[in-house]
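Shared chain: chain A. Partners: chain B in the first complex, chain C in the second.
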Partner chain A sequence: MEAAVDDPLGAFVRDRVAGGEPDRVAGGEPDRVAGGEPDRVGLGWRGDLAAGIFAHLDRIDLVELIADDYFKADAKTLRPLQLLSSQVPLTLHGVAMGLAGSEPVDDARLLAMGRLIDALKPESWSEHLAFVRSGGFEIGHLAAPPRRESNVAAAIANIERATRVIAAAPRLENIATLVEPPGSPLSEPAWTGTILDGAGAPMLLDLHNLYANARNTGQSPEALLAAMPLARVQGVHLSGGHWIDEPAMSGRTAGQRLLDDHVHDVPEDVFGLLAVLAARVPQPLEVIIERDGAYPDFDVLLGQVDAARAALARGRAHRHPATLKAAA
Partner chain B sequence: MNPFALHGFSFLFFYIGLGVVTLVALRYWFRISEPAPSDMPRFNDPYLIAYLRGGEEEAIRVTTISLADRGLLVFEGDQLKRASNDRDLAQRDIERAVLQAFAKPASGSAALTDKGARRACEAYKKALIKTGLMAGPAVYSKRLVSVGVAAVILMGTAGYKVQLALSQGRHNVGFLIMLALLFAAILIGVWRMRRTGAGDAAVADMKQLFKRLKDRAKTLKSGGQTNELAMLLGVFGLTALSASAFPMIDRIYPTPRADSGSSCSSSSSCSSSCGGGCGGGGCGG
Partner chain C sequence: MSALLEAFLARLYADEHALSMFLRDPEAAMDGAGLVEADRAAMRAADLVGLRMAAKSYANKRAGRGKPAKASGH
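Let's look at the complex of A and B:
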């Protein structure tokens, strides 16, 4: 019971949502569209990129921070991030809550995320639709759970709990997987859409993850994109990857799989998907380019920021009649 | 215990302790009474950061090196000279002023005293005073009260003790008077500090945010087009760059610098959006 005196999570929730229901980030409803907010493009914050980001604040609309890096940070450590948040809008990105796991989400992580949000006042926060632990065992990476009706309810419960504690719904990100999760009667779009609808949460659509999943499962990336719950997309991730060899296994010949690694440039195809997305949805999009290593000259990253803007502009210029009507 | 009953070195030690405590308390008072500005300036200008950190000369130094790195200043023998008559290539007033300072070949340090370059720094000074990161007339006036209290404590203590000693026929007060004068000088220095507490915090925060880049400063290339070099110099100064990677700096300002190594000790920025989660599916995030 959250009212218990020694329940820190309960006390935290009461402090944050006192006097009313928690805010819920709208899932791409038309009223948001009517605001006429522009699309925005930014970068993931990495210390290596600090000078480039600061020097080009006029070309970077927002910055995404990896929340988990700062869950144990004290006030002194957070102070520089508060300076950063005075310079450019922030969004927080979590990586290890495991919201799509069948186990209840870890209270300590929710508390840490909530405190970080209180300290940095980001515009939004996001997490992955992944499972990362089970039975107390950390599996060490973002794994795609079996896409079944039976784990949809658990994921929704986790998201709703996170929404109550944080007082804002997370944007939920589709993850990359080299293989279709075994035991998955539901398609990725159907499973994702059911969870997002059930939890009333917005989506962070990682277009390289989508592209990789499509290529690895023999689907058309455009068709997979079209099947996703696009009305709920508020954020977009762009990144790169590389092809890895797939050994011959029982019944399968050797081939290749696309690995999402965040250390390569965003492929042209993925910018193409961004243009398609921009043509299909009326709501403003926040696009983050993720780069985690093998950093190129910063002007290369700025070029990708510009390419994302160009793709958005291309898409908006060819907006689907249905989305124009919705926007009106 | 009555400290005025102490004699000789015993009293001097007491007085030094009193002075140190008073100065620390004064700095602490400045920090808490000079609050963070509600409206931070945009730190996308490396020369603004350099000015905040080190004043006019530091801003001019960073500007000179940035211009030389971009090829807008070139060497003519051991002197620097503007490479082009097209001042439009410069992006900011201070860059144009420094280019003008090198219209004729001059040593690298010539711009440090150039009136035009120093005048170009005035805009930074005004912006930083306005946002409360640097002390202006209002802050100096406010500080005067607390510095005055500190001065009364320190000078009053010394004066009373000198009077007491002389009235008791002891004349070994020279060290005490010297100490009192030293503390008076320090108090004036503390009162005149350029930055406010918020300004000190902003410089420290920028250094923390740029720490990873400083660690890999060796990988920065000369002639870059993205101002990373200037930003790094703005935040840390010339010591951030290794002499071997940027020999040009030594030619302009021959100062000792330490080569910086590369490390990944900052837990806050070494991880990626994969977190610990990179695995069979790639980052997946």
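Let's look at the complex of A and C:
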């Protein structure tokens, strides 16, 4: 009992092992073959959208919940979410573990995620390939670490530790960044693929993040998509953003960069990337529309859910021959 | 050493004064951060416009949540 107080994370893991529990969630290696599994499309859970989501569960295949918002939730707060989980597949999304940082992941965050997963029984969970704190400074959001071999091992160690505690690998999301991280000899796809392969983890591919990074670095979004470890993609995020002015600095003409802000509609180009993705991979995809504010009428969001389904259908109808062979 | 470069970047992203000092005098700002020469060279070659934009974006996020930049206990 005393050990549990001193080491709550260790006690949590020991209790699970002693109980012989199977994997809590359905993470792990991505399915290589569709096998008739359908693609699914849903929405991110936000308080402002709760009524609309509950009223339209017939048009929503799954719901994603920001886990960190409920790490300290009491039983009363969790009750409606448990009801939600009983009615629609749920996935939990963490935003502040900093799995791709050089510092070890905080025990308390892992424990909180594990307990929330026990309470809500989601199908999967996810986090970001990002660092959010270092050297005692909290950045306050997801930042891209230097993409180099020397931080790959730390990221893999963090992911493997999280996988052991949660008993399922997180889906790992690519982030949007307004700056290419200094000291990054590896490209984003190479760095991402090396970490995912090393950790044996699936990917949550945020197509607006990818689109923004491509546009901000003068790359083709389609080429950047093709270079990503697409065989590992299980989940997809779609969102919107807006162009912001670069600050004027000496000797440089000010331009604009695309900020991923989650308060604008998903652009057509991003639905196009979803169709390209669906044409390139055989595995089923779970797509979440993310909206964090400036909420439109719920019908508009449902329209975006339908647009995502249409993009998936377009892509599946034009699968590359190599993809069809892999799925056979 | 990724950890030291990460910590240096985290400070620039979290501390407006530190970013201003770096933009004004990068060498002085890097002195004492423990960066190896390769990391100092990486910071000299950094996209300064992007660093400013990223730092502003993070500041806006923190302001929206009312969180301090400095982690408690450090």
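Assume the second predicted complex is superposed on the first by the 301 of 328 C-alpha atoms of A that agree within 3 Å, B and C clash if a C-alpha of one lies under 4 Å from a C-alpha of the other, contacts with A are read in each partner's own complex, and residues count from 1 in each chain.
To be clear about the criterion, contacts are C-beta pairs under 8 Å (C-beta built on N, C-alpha and C of every residue); 3 or more make two chains touch, one makes a residue touch a chain.
Source: prediction; values computed, not measured.
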First, second, both or neither for A:D206, with chain B first and chain C second: first
Which partner, chain B or chain C, touches more chain A residues: B
Which of chain B and chain C A:L259 touches, first, second, both or neither: both
Which superposed partner A:L99 touches (first chain B, second chain C, both, neither): neither
Contacts of A:S150 with chain B and chain C, given as first, second, both or neither: second
Partner chain in contact with A:E290 - chain B first, chain C second, else both or neither: first
Partner chain(s) touched by A:L172 [first = chain B, second = chain C, both, neither]: neither
First (chain B), second (chain C), both or neither touched by A:A51: first
Partner chain in contact with A:H141 - chain B first, chain C second, else both or neither: both
First (chain B), second (chain C), both or neither touched by A:A308: neither
Doubly contacted residues of chain A, that is, touched by chain B and again by chain C: 138-141, 143, 177-178, 259
Parts of chain B lying in touch with chain A, wherever the complex brings them together: 40, 42-44, 46, 201-202, 204-206, 208-213, 216, 221, 224-232, 235, 266-285
Residues of chain A defined as touching chain B within the complex: 44, 46-52, 54-58, 64, 66, 68-70, 73, 77, 79-84, 86-87, 93, 95-96, 128, 130, 132, 138-144, 173, 175-178, 206, 209, 212, 237, 239, 241, 259-262, 290, 292-293, 297-299, 302
Touching residues (chain side chain C, partner chain A) in the complex: 1-3, 5-11, 13-15, 38-39, 42-43, 45-54, 57-59, 61-62, 65, 67-71, 74
Touch list for chain A against partner chain C, complex: 101-103, 131, 133-141, 143, 145-146, 148, 150-151, 154, 177-184, 244, 246-247, 249, 252, 257, 259
